[in-house]
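In this document, chain identifiers A, B and C correspond to the written order of the chains, with residue numbering beginning at 1 in each.
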């Protein structure tokens, strides 16, 4: 019995030591990374809580809503997010569904078109918009409406991929044919059959576009529009604490949205897993 | 399969392998509970059993991919328990997807030779010969994704044979393949293995595979070896009730013990091993369907419940008076008159049967 | 007859794409074409190469060089560190908490560019930053380190480059089947030989692809640098913005277009490389 134990004790210990070294290295990498990623966020929180003479209080946060222009710009940004989401869904849900149903051969082509905005940097797009629409109707080009219209384009790579993945995972043709056989019109089929089956994808696409809009600075700044990020940078030139608090707010809202998506995504995946 | 083989690989006496008291547990689960097994040089032994019986764990321990909690593995009489996997001179064929996707079929086969410092020209030649051996000469420059599952497994086999391993390990290499390819490749593997005389350990859950390919079949259950014997013996003289039930179909029919005999439906049959019960005790006899003979009879004791045609044989299922169903495999010509509802007489072939309590 | 019918139907089907195509043409196509054409036009609308030659000379050439340097440096560091993190995570048990946390955090942090990121770093290592104060209390003065210079921008960009790398490379790392390592080991390969002959060659295409994606990502970024440096560091996007807002001289819109064309070309080539490598990877990653 003792002999048998002796026989295997050595190699097992060796394995454990080797594993241990690798594991220590892995944890070291992860801990350093965690510090690098957490410290700026922690510092932002601390910075936004600074009061006079090295004290900490909530004054920056309580005063935030009273800052001139803050509420107006916050509302503009929220309206932009809502507008972008609505235009995106109205444009992209029928289009992707149509491509899946009637033009599956064109899927790759449509996908290529939808990733094009990645190739055109936002700065360059803003430049183009400024030059191309100089003589456009001023209720579009002179107001944040143009921003919403361009944000739909900026979000295309993410929204298309999300909706496309959702459509690929449901038996769309069967569902639609069943609906059409029952005498439903195209619009009815879209609203009653396609949309309910795509709930998770539609939600994800909406969250992705909204998160993008709330943080977008480049185009808004270059087109001289006032949004929350633009206001934040301007405020930062006078008052670092206020700007930091405002950017924390943007961050917080964005992250809550993205975390929601992650949670919904898992629930959706689990549901598909169970039925399949 | 008619290729000429390099004489150096032909019928070289293989290495004897011994597994001694292998034990392995994962937390609460015991995967191997003291496995002993001797494999003769050039022999093909199958590890057969239901999933979770420890057969794959045993194979992986032999390969060095997993360690055992206790026990040892000997090859050529040498204890290799502490030797790492890459120094063991064994080659394994996995269930599927084990070809390196960045290498062509030929490069995959040459992989082991490359590690052994064989010159590029020589390994190209050897890889070509081995691909010829598995009938894939034309596929030298193909990548895994350009080949069917069966072709991939042939390449994996050629890759394993290329290093002239002391032991060939096969981990359910056929289970991911279509039925037809499976049978064909099964025969090819066996004839290659016999020609090369290579000691082989083959893991499978498919009893037909195990019975048709092996010199000996090792039936495992819950981490233990139930029986290790020739396919014929495992089938006709199962050592334990588990083996009897797991290998082949088996009827369980009530009977009465009387010493070295058992009385089943009025017929006295010899028993393989007398049960430790007093005469007159109720026992269960295990009878193969092909040992159950039925003849139509107006005043028969049993009634045909259903029958299913299977080509040369027809399986007829009858219902006994107490409701027990008994299967019988009859030549299809003899089963014509045994339609459902027919009454029949039942008899058993005069062979020793196994009895359990 | 039936043929004409089905051809008509196909034409009708294509009509369903009209709203989408029209939208993309107007809001992406028209601005892009305007930039590309503008790059070759003078103020009167005549054709010229003077914008291009101006964009290819200093100070703009210098901006392209600095942008390329920063993008390449953050891409390389981001790719290496991201790969290390992905490796560390892939060693943890599947379905574990660590995987969950890292994948969610990467998804969220890869989005964390722009204005909030700039302020977060100012709050951490700016002259009044938390870390600056701590280190100062320990007698370590880092006020010489400027967040607004090359090293500062690099440090900040890594904050979104690393998570992006983790997101992109993790599927490739997970796609390496344990059988390959085991088969190699059986055939006599050491760990190092496995990585040299199998694992490394398999990870190379996705790694190079990710490198190019990261490069494009950094090259196109504007908001972080603008909010952080207020336009001090001469990156191409910042130069374009300066030209656009008339800070340089009036009537230089077409110079901005020429710079924009340069950006489109560089980003486009990098992304094309990424797409190419992705396609190579998808051959074995399934």
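As a working rule, contacts are C-beta pairs under 8 Å (C-beta built on N, C-alpha and C of every residue); 3 or more make two chains touch, one makes a residue touch a chain.
The shown structure was predicted, so the numbers you read here are calculated from the model rather than taken from an experiment.
For the pairs A-C and B-C, the larger set of C-beta contacts lies at A-C. Comparing the CA-atom centres of all chains against that of subunit A, the greatest distance is found for B.
Mean C-alpha position of subunit B lies 55 Å from that of subunit C. Averaged C-alpha coordinates put the centre of subunit A at 16 Å from the centre of subunit C. The multi-chain contact residues of subunit C, meaning those touching 2 or more other chains, do not exist; every residue touches at most one other chain. Of all residues in subunit C, those touching subunit B in their complex are 177, 179-180, 182-190, 193, 197-198, 201-202, 283-284. Taken in their complex, subunit B has these residues touching subunit C: 63-65, 84-92, 94, 97-98, 100-103, 111-112, 114-116, 143-145, 156, 159-160, 163, 169. Contacts from subunit C toward subunit A in the complex involve residues 13-14, 16-17, 19-21, 23-24, 27-28, 30-35, 38, 81, 84-85, 87-89, 91-92, 98, 102, 104-105, 107-109, 111-126, 128-131, 158-159, 162, 216, 219-220, 222-223, 226-227, 230, 237, 240-241, 244-245, 253, 256-257, 260, 263-264, 267-268, 271. Residues 22-23, 25-27, 29-30, 33, 36-37, 39-44, 46-48, 91-92, 94-95, 98-99, 102-103, 106, 110, 113, 115-133, 149-150, 152-153, 156, 211-212, 215-218, 221-222, 229, 232-233, 236-237, 240, 243-244, 247-248, 250-251, 254-255, 258-259, 262 of subunit A are the ones that touch subunit C when the two sit in their complex.
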